[in-house]
Each structure stands twice: as C-alpha cells, then as structure tokens.
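Structures given as structure tokens follow.
Shared between the two complexes below is subunit A, which pairs with subunit B and subunit C, respectively.
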Partner chain A sequence: MTRRPLHLSGALFAVLALPPVARQLESSMAGHMAVQVPLLVLCGILAFGAVPESVRRRLAAWDRHGLVGLGLALSAMAYWMLPRWLDAALADPVVELAKFVTVPLLWGMPLAWAWSRLGLVGRGFVAAHLVALAWVLGWFYANAPARMCANYLLEEQQTLGSALLALGTAGALAGLLRVVVGAPRPAADGQPLRLDGTHVLGNH
Partner chain B sequence: MANQPLLAIDPLGRRLVLAYLAVAAAVFLLMMSVGLAMRLGQGAMLPLGADLFYQLMTMHAAALVGACAMAGAAIMWYFLSRYVRLTPAVLAVNLATFLIGAVMILGAVIIGKFGAGWTFLYPLPAKSGGQWEIGAAAVFMGGLLVIGTGFLLLHLDCARAILARYGSLARGLGWPLLFRGDDSDTPPPAVVASTMAAIANITAVASGAAVLGISIANLYFPEVTLDPLLAKNLIYFFGHTFVNVTIYMAVIAVYEILPLYTGRPWKPNRVFLAAWTASTVFVIVAYPHHLLMDFAMPHWVLMVAQVISFTSGIPVLIVTAFGALTIVHRSGIRWDVASGLLMLSMFGWAGGVIPAIVDAVIVVNKVMHNTMWVPGHFHFYLLLGMVSMAFAFMYFLNSEARSKDAGAPVDGGLDRLGLGAYLVGGLGFVFVFLYSGQASVPRRWAAHMPEWLDYDRLGALFAAFVVAGAAVFVLGFLGRLRGLWARA
Partner chain C sequence: MRAATALAAVLVAGSATLWQATDGLRAFTTEAARRLAVEAAPRRLPAATLEDQDGRSLRIADYAGGIVLVDFIYTRCPTVCTQMTDTLREVAAALPSRLGDGIHLLSISFDPDNDTTHALRDYAALQGADPTWRFARVVDRGDMPDLLEAFGVVVLPDGFGGYVHNAAIHVLDAEGRLAAIHDFTDVEGLVARLERTS
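The block that comes next holds the complex of A and B.
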C-alpha cells in the first residue's frame, strides 16, 4: 500500500485550507464553485487511493457496482451545488467547516470508489450527464437576471456560467477523444466464446 | 479480413429484439394511419381543426422517429451481437425507458394537448397561447429525455463491447486497414456501422440532454432566457443526428442479409471504410443545413454546412448502393419480400437523398425550405429507405427461422401484394409531396388553400396504399411473433 496519494491529498487540502488561499478563492463565485470545490473533490479522490485493498474488498461485497457510492457522491454534489450553501459557508464557520469535511469525504471519495467499480457504460453514462448538467447550469448562471447568491455580484455569476459552459465543452471533447482513440491493445475478453457456424440462406 | 467465428445470439437478447420490432411495427402502422388522417385533413376531407392537426403532427413525428430508432437498434443489436459481446440487460433497460418515454409523449399530446412539434423549438413550447399547460410541454420534453437516456446506455454498451474486442473505436472503424493497409483484423460492416452510430449518437444525446434540460428549466424560470439561435443549433444537432443514425443502424440489415441470399460476403475494403469514417464526421457537422434560413447564423458556417451536406450521406450511400449491386448482380438471387424490400430501401435511401441535397443548396433552400419539398425528401428516405429496411428485417427473421425447416415458402401472395402497394403508394405519396413543394405549398399548414386540395387528396390516396401495404407487413409480423418467440 503506497502512502503517496494520502500525502498529496493532505498537502492539497492543507493549501486549500490556508486562510488567505481560502479567502482568495472564495472571493469570487467562479473561484468558489469552479475551483475550490472541485479541488476539494480531488482531495477526496486522491485520498481514496490510500484505502487498503482489504477495505475495498469489504466495500465491494455490499456495493458491487459502485451504485451506492455514486448515489452518495451525486447527493453531496446536488447539496453543495445549491447557491445558498455557498452563501452560508461564507457567513458561518460551521458550514465552512462542514464543506471542507464533507466535500472530500462524501463526494470525492465515494466518487472515486464508484468510478473504480463502474464499467465503461456506467462511466460514459455519468460523464455524459455531467457534461449536460454543466451546460444546463452554465446556461442558467450565464443568463439568470437575478442574483442567486447574496454574496456575489451578478457579473460573477455570469462568469461562473461561462466557466461551467467551457468546462462542459472541454469535458465533452475529452470524452469523445478518449473513446475514439481508446486503449491501444485489443482486450482479450472480447474474444468469441463458441462457434455458431455460418448460416447461409438462399438458393445455392 | 480474418474470418472470425460468429458468436451465438443470446436467447434473451433475441427475444428483446423481437419485442423492439413488435413495438416499432405497431407504432409504424398506427402513426402512418395518423399521417393519412393528417393528409385527409389538409385535403379538407376530414375536419381535424388546427389544434388537433398540430397535436397529431407532433405525435406522428415523435413516435415515428422513436419507432425508427427502435427498429434500427434491433437490427444493429441482432447482427452486432454476432461479433462482439453485448449486454442484454442494457437492451432491456432501453426498451423500458423507451416505453416510459413513449407514454409520457403520448400523454403530453393526447391528455395535455401539446402541439409544438417534435422539434420543440424554443420558445414555442412555453408559448402555447393557452392551448396546453406548461406541464404538458415539460412531460413531452421529459419523455424525449428519457428515451435519449436509454439510447445513450445502448450505444455506450455497443462502444464498450467494440472496445473490448477491437481495443479502440478507431479500430472499430477499420482505421488500420484504411490508413496502414493492415488487413489482419478488419471489422465486419456491422461493427463499422455500429461504431459510427455510437460516436454520433453519444455526442448527439449529450447535447440533446443539455438542450432538453435547458428548455424544461426555461418553462419554469421563463425569466432565464435562452438565445433562440443557440437553442435551434443544439436541437438540430441532436435531432438531425438522431434521425440519421436510425438509417445508419438499419443499413446493417443490407450488409448482413443480402450476402446470405447470394452467398457473396460483404467484405469491407478501403473505400468502404473511408466512406464510413467520412460520414461519421460529416453526419455530426452537417446539421446547420436546417438553419440555412437563419440569416443571423455566421455565413461561413452555412457555407461549410452546404458543402458538407453534399458529402454527408453520400459516401456511405454510394458504397452501400454499389456494394449491394455487386452482391446482387448476376447472383441468381432469390427474390422474395425481404430481398425485394432491401433493394427498395437502397433505392428509397438514394432517391430521397437527391432532393435533400438539392434542398441543402442555399439558393434553392431560400425558396424551397418550409415547403412540402422538405417532408417530400425525408419521407422518401425514411418511409421507403429506413422503414423498408425494418420491414425487410422482420421478414428475414421469419425466413431465417423457417429455413431450418424443410425450405418452406416464407411469404405468400398477400405479402407480395403488400410490397406492391407499399412501393406504388410510397412513391406516389412522396412524389406528390415533392411536386407540391415545387408548386410552393407550405409545409406544416393545417388548413390548405383551395388550389392545393387536389395535391392533398392525391397524396391521401397514395398514403392509403402505403397504410394498406404496411398493414400486411405489420399484421403478418405480429401474427408470426409467437412462433418466432417460441423459437428464440
């Protein structure tokens, strides 16, 4: 078991938690939602790399396809995407603390777990929906005439919208490239199982 | 091409394919009858009224596009599963989501009176003028979203299986042979076409989900506006691609079935692979031909789209038509309803693309778009091309099952009569559309001017022949379904 992921994750977390860094990122809506929160998710994902094999096996016994993990991650995501909680995090240290704890723990780690269990179909499905969600939210923030957060200006909200649209587009292109180019070697498990004979219809 | 042994078809998968076809067949017959009613309404022979006409038009188009997708998916799955290991459970999920989505769409139209067209162009769904509630629009678009989601899963599963066998989708498109002349593991046409369908439709459905999500959100937050031109771009990116992919899935029937009739295998060569790779890109970028009337679009985009539209369907169409002719030519092929429908479908596809290309020329489009020319060309390749492939596949399944018995005849006089009615009726029906378009009759008008009524009535007469032919095919297939089910 390597400790590297844990160290990386801890270092990233420590930097993000430094008051000046946190203040700087949280000073803009895009920095808060499109930089800080995703990096906290990344902390959780990295930390999951340190989870020992035995624990994973036990997890797999009751969440074989990672669907529970996925549900947990998506719930946490839905929760922290509500603008009012971002507002609250700015005003209330308890909420801020909750954000720093739950985003890596209940969003990042379960996501990494689910991803490790999902097959290509599940991953593609989640990725396509995340892309679509980024576009929908991006459109919403870019065009909403009123402020969603008391602490951020309308302009910042629009910047966030554009950032989400760009993020969605980048994700879509990356995903497309990934499937078209794919892995370089043909995997063995696609080999035909048994012979069926060729059947030929017609008059010969 | 390395001769690969064929995989056995999963029994559950086979039954699901039959279920897909049964759903598609029933929708074909029902919604073609609705089309006949619309044509009669335009000909003032049936008092539909504008509201009902638009509800029917919305339902007709949405349901038939869905049925084409189901039939295309059935064909693709049936043949692709001989080469790669697909997951029957995913096929089942897509059937369930399709049925849920279909109920939502039908409910939105029949109960909710939604009639903004299957293209749900912004901002029409939100501005019904009191004809339908916001909820009906949301349920309609939600139904499309549910159906799209199921197809996303299905194409992802195909992509997964192709990746597992070939390593990358590029290999699924046969790039080693195309670019390096390496013929050691060239995929069969069914794999090439399925790869293309996966790439195109995964992209299309992701953007479709986005624009549907935005449109539904807009219903409830009308103050968050949407750039109508952006919405139109996204919608046609989705709609154009999704409809085209139904044909690219269904054409697998031609590649797989014709060779069985003549004993000449369909070997992909470099030209064939180049055509499919070209069409993979073109089908995705050709959609702006639906926006040629939108003067606010950047001009260069429209110019590019015009050129691409010439080339979009053409490469695959030419290699397919040419390949079909080489396979059939002097082969002593046995003509029955299945092989006849397959040849008709090649003709219908090719014939329908010509007026489509004419319409994609900007100068022509300025005059012809929004005339009956447009339903003329797409009914040409959908009704005579795509749907013929679906019916051919239904007959093929039957003859395939029967050929294991003592060479029993697989279709009777009634089936051949049906083919005749479908052929004559279909050609007449689309030519009346094209002719009225050329005479400047507008499309999507519920009530027609007195001088157009003759066209409409002639069109309705031909449509009645189509419905009669389709009834023979559909009822025949549904009648044979139990036998096919038992054999699966």
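The block that comes next holds the complex of A and C.
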C-alpha cells in the first residue's frame, strides 16, 4: 500500500471543495459537469490506490471480475448525470455534500476497482461505452433546443455539448492510439497498470 | 454465488435509486420534477404584497375561493413572455363568462426595477388584456426571491440586459395553493382543467 495516491486524492479533493473553486466551476455547466465531476471521480480513483491489499483480496472474494464495482460506478454516474440533480446540488447544500461524498466513493473508487479486475474485453466495453456516452450526450446538449438545467443558459448547455464531444473524441483517439501503438509501458514485473497507476492485484 | 448475490444487490439498489431519483422515470429535469411535485402536494405560497398596473395593492390570498392562472414575466421580454400572454388570452377567450368571476389571470413581473406600474399598464394595453387581468409587481423587492422559490421559477440574467426563465402557466386552487403547472402553450389542457373545476 502506498500513501501517495491518498495524499494526491486528498489534496485534489480539498482544492475542489474550496468554496471559491466550487463556485467557479459550478458557475458554468461545462465546468460543473465536464470538469468538477470528472475531477471528483479522479479523487476516488486516486484514493483507491491506497486501499490495502488485504482489503482488495476480501473484495475480490465478492467481486472477482469487477462487475459489482462496475454496476455501482455506472449507477452513480447515471444519477449524477441527471440534470435535476445537478440543479439540486446548486440549490441545496445537502445535495451538494452528497455529490462531493458519493462521486469519489461510489463512482471513482468502484470504477478503479472494476478496472483492476476487468479483462481486456471488459475494459474495451467500458471504454467504448464511455466514449459513446460522451458523444451521444455531447450531441444532445449541443443541439437540444430547450434548457435541461434550470440554472444554466442554453449557450452554456451548448458549450458543455461541445466539451463532451471533444472529450469523447479525445478518448476515442487515445483508445485508437493504444490499439495502433500498443499498450502503455507495463510495470517492471510485467503486470499491467490500474487506472491509478499502481499494479494490478493478481488473482487469489 | 457470493459474487452473483453482490451483483444482484447492486443492480437492484442502483435501479431503485434511479427510479426514485427520476420519480419513476417521469422527471429528469428540475422543471418536470416541480410539476409532478405540486400535482402530488399543492404548495402554500408566501404572503407577498403586490401592486398592479393601476397601483392597487393585492395579495394572492385575495383570490381565495377562485382559480388563478399565474405567469411570471418581464415586460421587455421579446419571446416567451408574449407567448404566455397569448396562451392566457386564449384560455380567457374560451371561458369568457367565468373570467373575473371564479377564474382570474395574474401576471407577475420578476423585474420590478424596470417594470413600474406605468410599464405594466403599457404592457397590458399592448397585449390587449381584459380589464380584470392584473399585471403586478412586488411592493417589497425582498419578497421576490421567496416568491420565485415557492413557485419554482428560476430567473437568470441572459448577459444582454434581459432574462432567461422557466416559462409555464401556474394554476392556484381555491385555497390559494400552487396546485398545477402547465406548459406555456397548453391552452387545451388549461381549459380542460378549468372546465373540471366549474
């Protein structure tokens, strides 16, 4: 176990939770949905790097292939992509607190866990799903004639749409690059890397 | 077996949470959610004092016993406010005998700085409004946030001196509660609702 990911996660979380930073990011729909929320997910991914091996082994007994973690992460993702709950996070401090707690814990950490357990096909499915989702949502937000969030202007919604289309395209190009050039540098022991950069746990 | 149980539990819990979070897949936006919420539980409104286009004082409670159709406007609005006004005019035309006698129209400006009683009077004349239709503004600007919040109306500056806001026709019941919210073009739905209350 290493403490470094936890420190990084904690530092990032602390910055994101600073009221001026939160207000600034939430002042635009793109800042809220395409920057703040993904960074909170990253907090969870980084924090997962500090989970001890003994805990991971116990988790593996319940979720050998990472499907439980994936189900949890996708459920949390679906929840926080609902426009009404993004609105509610702006209007209600309790919902805002829930966002800061559940996005790292129920989306980021389970996603990191699932990624560490999934095989090649599973990872490909998740990556393709996320790219497709970013494109579909991006197209929708860029072209929807009506506002989805009560707290953001139509122009901000269109900007978010463009940002999601760009993110999806970047993800697709990164995936394509991996296919063409090959997998990224493996660890010294030949194990592939997790989302948080630490080694994948062997099967037990 | 344990893995299958855990997976089933997560899928059931995730689905139930999303079902709850969307009111049974019926409300994905704040606007849809507020409409369902007031239909399920009519909402009491704050006792703000308003003044109409003729400078007469009024409160929502003054309409007790009648049905009130309320929209939120600002008179410089070039788009959706005019459409809401058109809708109210069409509803009134469909039920002429009840206008001012059981059914009332009230347009509230959320821009009291610019919408003086004079501006409201000009707007009412421009729209060809029935004399019983009152166009009003809050007397105390401090009442505006509570009033908007109670109705669930969100007003944002559009960056060009105007505003963007969620547009709808609000129906107040005989007890002065917010009881229903209709699309701002839903003439048929509003007329049907009012006919049911006769």
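Heads up, the rule we're going with is that the second predicted complex is superposed on the first by the 182 of 204 C-alpha atoms of A that agree within 3 Å, B and C clash if a C-alpha of one lies under 4 Å from a C-alpha of the other, contacts with A are read in each partner's own complex, and residues count from 1 in each chain.
Keep in mind that, in the parts below, a contact is a pair of C-beta atoms (placed from the backbone, for glycine too) under 8 Å apart; a residue touches a chain by one contact, two chains touch by 3 or more.
Small disclaimer: the values here were computed from a predicted structure and weren't measured.
K.L.:
Regarding the shared-chain residue A:L67, is it in contact with subunit B (first), subunit C (second), both, or neither?
P.N.:
second
K.L.:
After the superposition on A, what does A:V131 contact: first (subunit B), second (subunit C), both or neither?
P.N.:
Touch partner of A:V131: subunit B, not subunit C.
K.L.:
So, does A:A88 touch the first partner subunit B, the second partner subunit C, both, or neither?
P.N.:
After superposing on A, A:A88 lies in contact with subunit C but is clear of subunit B.
K.L.:
Is A:V180 touching the first partner subunit B, the second partner subunit C, both, or neither of them?
P.N.:
first
K.L.:
With both structures superposed, pick whichever of subunit B and subunit C touches the larger number of subunit A residues.
P.N.:
Per-residue touch count on subunit A favours B.
K.L.:
Is A:N143 touching the first partner subunit B, the second partner subunit C, both, or neither of them?
P.N.:
first
K.L.:
With the two complexes superposed on chain A, say which partner A:A172 touches: subunit B (first), subunit C (second), both, or neither.
P.N.:
first
K.L.:
Of the two partner chains, subunit B (first) and subunit C (second), which one does A:L120 touch, if any: first, second, both, or neither?
P.N.:
After superposing on A, A:L120 lies in contact with subunit B but is clear of subunit C.
K.L.:
Could you pull out which subunit C residues touch subunit A in their complex?
P.N.:
Counting only subunit C, the residues touching subunit A are 2-3, 6-7, 10-11, 13-15, 17-18, 21-22, 27-33, 154, 156, 158-159, 164, 166.
K.L.:
Okay, in this complex, where on subunit A does subunit B touch?
P.N.:
119-121, 124-125, 128-129, 131-133, 135-136, 139-140, 143-146, 168, 172, 176, 179-187, 189-204
K.L.:
Inside the complex, what are the residues of subunit B that reach subunit A?
P.N.:
4-9, 82-85, 87, 90, 152-153, 156-157, 159-161, 163-171, 185, 198-199, 202-203, 205-207, 209-210, 213-214, 217, 221, 223-226, 257, 260-263, 332-334, 399-400, 403
K.L.:
Under the stated contact criterion, what part of subunit A meets subunit C in this complex?
P.N.:
My answer: residues 61-65, 67-68, 71-72, 74-75, 78-79, 82-85, 87-88, 147-154.
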